[in-house]
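These notes open a run of structures that come right after.
Okay, so subunit A shows up in both of these, paired with subunit B first and subunit C after.
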Partner chain A sequence: MSLPAMLQAALIQPFVEFGFMRRALVACLALGLSCGPVGTLLVLRRMSLAGDAMAHALLPGAAVAFLLVGLSLPAMSLGAFIAALAVAALAGGVARFTAQREDASLAGFYLIALAAGVMLISLRGNSVDLMRVLFGSILAVDDAALLLVAGVSSASLVVLALVWRPLLVECFDPGFLRAVGGRGALHHQLFLVLLVANLVAGFQALGTLMAVGLLMLPAIAARCWAHSVARLSLVACAIATACGYGGLLLSYHWGLPSGPAIVLLAGVVYLVSLCVGSRDSLRARYFPNHRHRAA
Partner chain B sequence: MTARPANARLSPSLDAAPAIQLDNVTLCYRDRPAVHHLSGCFEPGSLTAIVGPNGAGKSTLLGGLMGRIAPSTGHIGLPAALAGRIAYLPQQANIDRSFPVSVLDVVMLGHWGRLGAWRAGSAAHRAQAQAALAAVGLAGAERRAIGELSAGQFQRVLFARLLLQDAPVILLDEPFTAIDERTTADLLALLHRWHHEGRTVVAVLHDLAQVRAHFPRTLLLAREPIAWGPTAEVLQASHLQRARLQAEHWEAQAPWCAVPDGAAPARVAA
Partner chain C sequence: MNGLPSRRQALALIAAGALPRLASAQPTQPAPLRVVASFSLLADMVAVVGGDAVTVHALVGPDADAHAFTPAPADAQRLAQAELIVVNGLGFEGWIDRLVRASGSKAPVLVASQGITVRHVGKVVDPHAWQSLVAAQHYVDNIRAALVAILAIRQPAQAAAINVRAAAYTRQLAALDTSVRARLASIPAGQRKLVTSHDAFGYLADVWGLDMRAAQGWTSAGEASAADVARLIRQLRAQRVRALFVENISDPRLVQRIAHEAGATLGGTLYSDALSPPGGRADSYLKLMAHNADTLLAALQPER
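Presenting the complex of A and B:
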């Protein structure tokens, strides 16, 4: 077999041959497009841990829906959405009204949510259901799931375009935003809703344990390559979509579960970026470019 | 009263800038007053320093003037004409300087009143931003990241943003803290320019010599207002002594304040 033919067979043929692979690919690309900017903002707002905690809060919500109506995508998505928003509100409230630090309360809620979710599902479901909710199954993405993912992705990009400037200003100079009459708290809450919507979209494909993977890893990897917020978002988009595509191929050729394959690939990109990235990397630290300008 | 200099060039909107009237204002942190029963007036076009020990409520008062902190008692008479037209310089500590934005991005925020959250800036807006940067001595720095700047350079950037905001009232929270002499002198010149243009300028400061040299009016605050008026009268030794004692005085079980909400409080000294 010639090289082009081999490449074609390895990289393209699976998607030509199987409808489920095409659907999975579209879901990954859509997810990657919105995960880029949302993840970048998540990291810039120093909310990585909060994102992780909310992703775990998806589980009990999806589990309650699963117990009530069985394996139904709309019900489980709605349940997950409500549960994650509730945890966001609770954690924000605890941080605001008590002396507890937000990281402590977030870790607390995330443990409660995870334990409650696993408990609920093991009450009635079998371990296949549990595995599917925990780890996702992108190869079983049906038309409804695809519509959800694409809808969330499109809506996220539109909403972000509308509130991009105040969201950024609220990150680095909240006093200024208040002074010009910007509604900082409102934008923060809107961002939380966007974040949770993306997590819900991601959990179809990646599972609740790793839904935050495509948000976080590409965004922190991008910090080793780009500096402006716009470029960070673009690089994160590129990494997220490439990892979605690559992870699907890995999963197809070697029979791996797709969620972990995609997230692990993003993890590899992050580690490589940390080592050889053009800024904030090991290379930049230990092999600095000593050339400098005259002034 | 601060008379406007004859050579002031005022845009009509600035000319109309009304006074900010404080009427028995108390601003609280939980149940403790940070600013206690303050009455007085920031006259239009006045240049006022707010001084006092740490924890005297200076920044809190700016928060009240901006409408960020609602008074527990009393009333801040912020004329409707000023809604959304108060420019504010936050303390540098409250800004995340590691955030990946460029100098030009930050200065362009000064157009917020015209562009709002959505509209893109035109070439003319960018040209104005560049002119503002040149006016603060940072021509050519447009594309630098704010994380690369020194504290003094970053303060110049924030002043360039204030220039673009073109606001009738400008509130500055410790504008010269940790800023070198040369930069302070340049930025003080801008303050005087705003004063001459008839804008109301209020600055929280710590350097009393600087206040005596550059600020016609002063409010000495130590949670309680100690004195408010012409700087030379306010900054006399007895007032400063009283401010120090007042700031150090703190009772764990202080009784509830008995000054009724509607009562006209005694005018502060001077």
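Presenting the complex of A and C:
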């Protein structure tokens, strides 16, 4: 077999032959597109762990919806969305009205939500249905889930484009934003809504734990390659979508479970970036910039 | 076409339930024997054989998966108070030994599957032996022997009644087995191709001569890989498998996706490791096996 034919068989043919691979790929690409900028902003706002906390906060909402109406995508998405927003709002409110720090109260509320979710699941007795849903299956993405992921991704990109500048100003210089009359708190809330929407879309496809992986790992890895916020977002998008594609191929050719394959690939990209990236990496620290010497 | 046998079984079950009431119309009536079974199917067998001589509790209830069971303190308490513990064995309840030890229970543990012909998947023992009505008759006899051994001295009349009930129950199991085999005989061997979402039906397929493949690995714990799904779709397309089945405790979305893509139809729900809740289509072991057989036979009927 010639090299082009081999490459075609390895890289393209699975998606030509199987509809479920195409669906999974589209879901990964859509998730990657919006996860790039959202993850980058999370890193910039020093909220890298908040994504994880919010992902756990989805649990009780999805569980309640599941107990009430069964395995229904719209109901579980809505329930998860409401629960995570409630946790975010409670944590923000406590931080605003008391001297408690927001990260501490977020930790408090997400742990309550997590425990409540596990409790609800156990009371129902049948944990398997729900665990399968919570851990998602990118291979079982149906029309409704695909529409949800694509819709959330598109809406996120549009909203981010509209509030991109105030969001960045609020990251770097909240005092300036207040001085020029910007409403920092409003933008912060809007960003949290976007974050939760992306997590809900991701958990249908990848499950709560894995969705955070595709959100954070590419954004953190991008820090080793780019400096400006726009480039960070683009690099994060590129890494996330490439890992979605690569992870699916790994799962296809080597028989690995697909969700973990995608996230582990993103993890490998992060570790490699940390070692050989052009900025803030081990290489940049111990073998500094030969470009300067050459110039 | 398939209403008759199950109605006959239902009548027989009612009769089996009425028997002990006649037998136990004695002046002194000691408390029934407290039995804890690991999951709902075993509990049903114990209840049928034991009648009113026992009270049975299932640790893993209807529609729940024994593979993913998390014990609650109440479970340990029930085990501690039990006078007999019935488990499937063959590695099905990986958590049971620790739970029994932790509960401090002194009750004897009956492995209901002992004495059956064990089936292997690769090097691993397949625990789902109750899916064979032949093996189930061993289960019933093991349960009967264990109950009689405990009650023989304490309540000889009850022990005798248990022997009668076990014999009647075994006849019902054998009758269902015979009737399914007779109905299957009209379907050519080459057309008995089925695929299920969870490989729990190896014993059933062996006993009834079906070519049954699984969509996922042998236990429900693993997540499917793209390679598994692709292989299955190719296999369905190549062999023109007509029917794909979901069971009551696995991800239905993946099965639907596969069926859709391979051009197969969904054959209905098969019950593997758990009964349906009371009032459902499979709320006793006998009804479960009759339901599975009816579902399989309906899907395998040649196209009209």
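Definition applied: the second predicted complex is superposed on the first by the 278 of 295 C-alpha atoms of A that agree within 3 Å, B and C clash if a C-alpha of one lies under 4 Å from a C-alpha of the other, contacts with A are read in each partner's own complex, and residues count from 1 in each chain.
In the analysis below, a contact is a pair of C-beta atoms (placed from the backbone, for glycine too) under 8 Å apart; a residue touches a chain by one contact, two chains touch by 3 or more.
As the structure is a prediction and not an experimental result, all values here were calculated from the model.
Chemist: Does the subunit A-based superposition show subunit B and subunit C clashing or fitting?
Modeler: Overlaying the two complexes on subunit A (C-alpha atoms) leaves subunit C and subunit B fitting together cleanly.
Chemist: Report for A:258: first if it touches subunit B alone, second if subunit C alone, otherwise both or neither.
Modeler: In the superposition, A:258 touches subunit C alone.
Chemist: Please tell me which partner, subunit B or subunit C, touches more residues of subunit A.
Modeler: For subunit A, the partner with the higher number of touched residues is C.
Chemist: Once both structures sit on chain A, report the angle subunit B, subunit A, subunit C from C-alpha centres, rounded to the nearest 10 degrees.
Modeler: Between subunit B and subunit C, as viewed from subunit A: 150 degrees.
Chemist: Using the touch definition from the top, say if A:99 reaches subunit B (first), subunit C (second), both or neither.
Modeler: neither
Chemist: Touching A:181 in the superposition: subunit B (first), subunit C (second), both, neither?
Modeler: first
Chemist: Closest Cα approach between subunit B and subunit C after superposing, in Å?
Modeler: 40
Chemist: Spell out the part of subunit C that touches subunit A in their complex, as residue ranges.
Modeler: 61, 63-65, 67-68, 70, 72, 220, 222-230, 233, 249-254, 256-258, 261
Chemist: So in the complex, which bits of subunit A are touching subunit B?
Modeler: 44, 162-163, 165-166, 168-169, 171-176, 178-182, 227-229, 232
Chemist: Under the stated contact criterion, what part of subunit B meets subunit A in this complex?
Modeler: It is residues 66, 68, 83-84, 86-88, 90, 94-97, 99-102, 106, 109, 112-113, 117-118, 145, 161, 171 of subunit B that touch subunit A.
Chemist: Would you mind writing out the residues of subunit A in touch with subunit C in their complex?
Modeler: 14, 17-21, 24, 71, 122, 125-129, 131-133, 135, 137, 139-142, 248, 251-261
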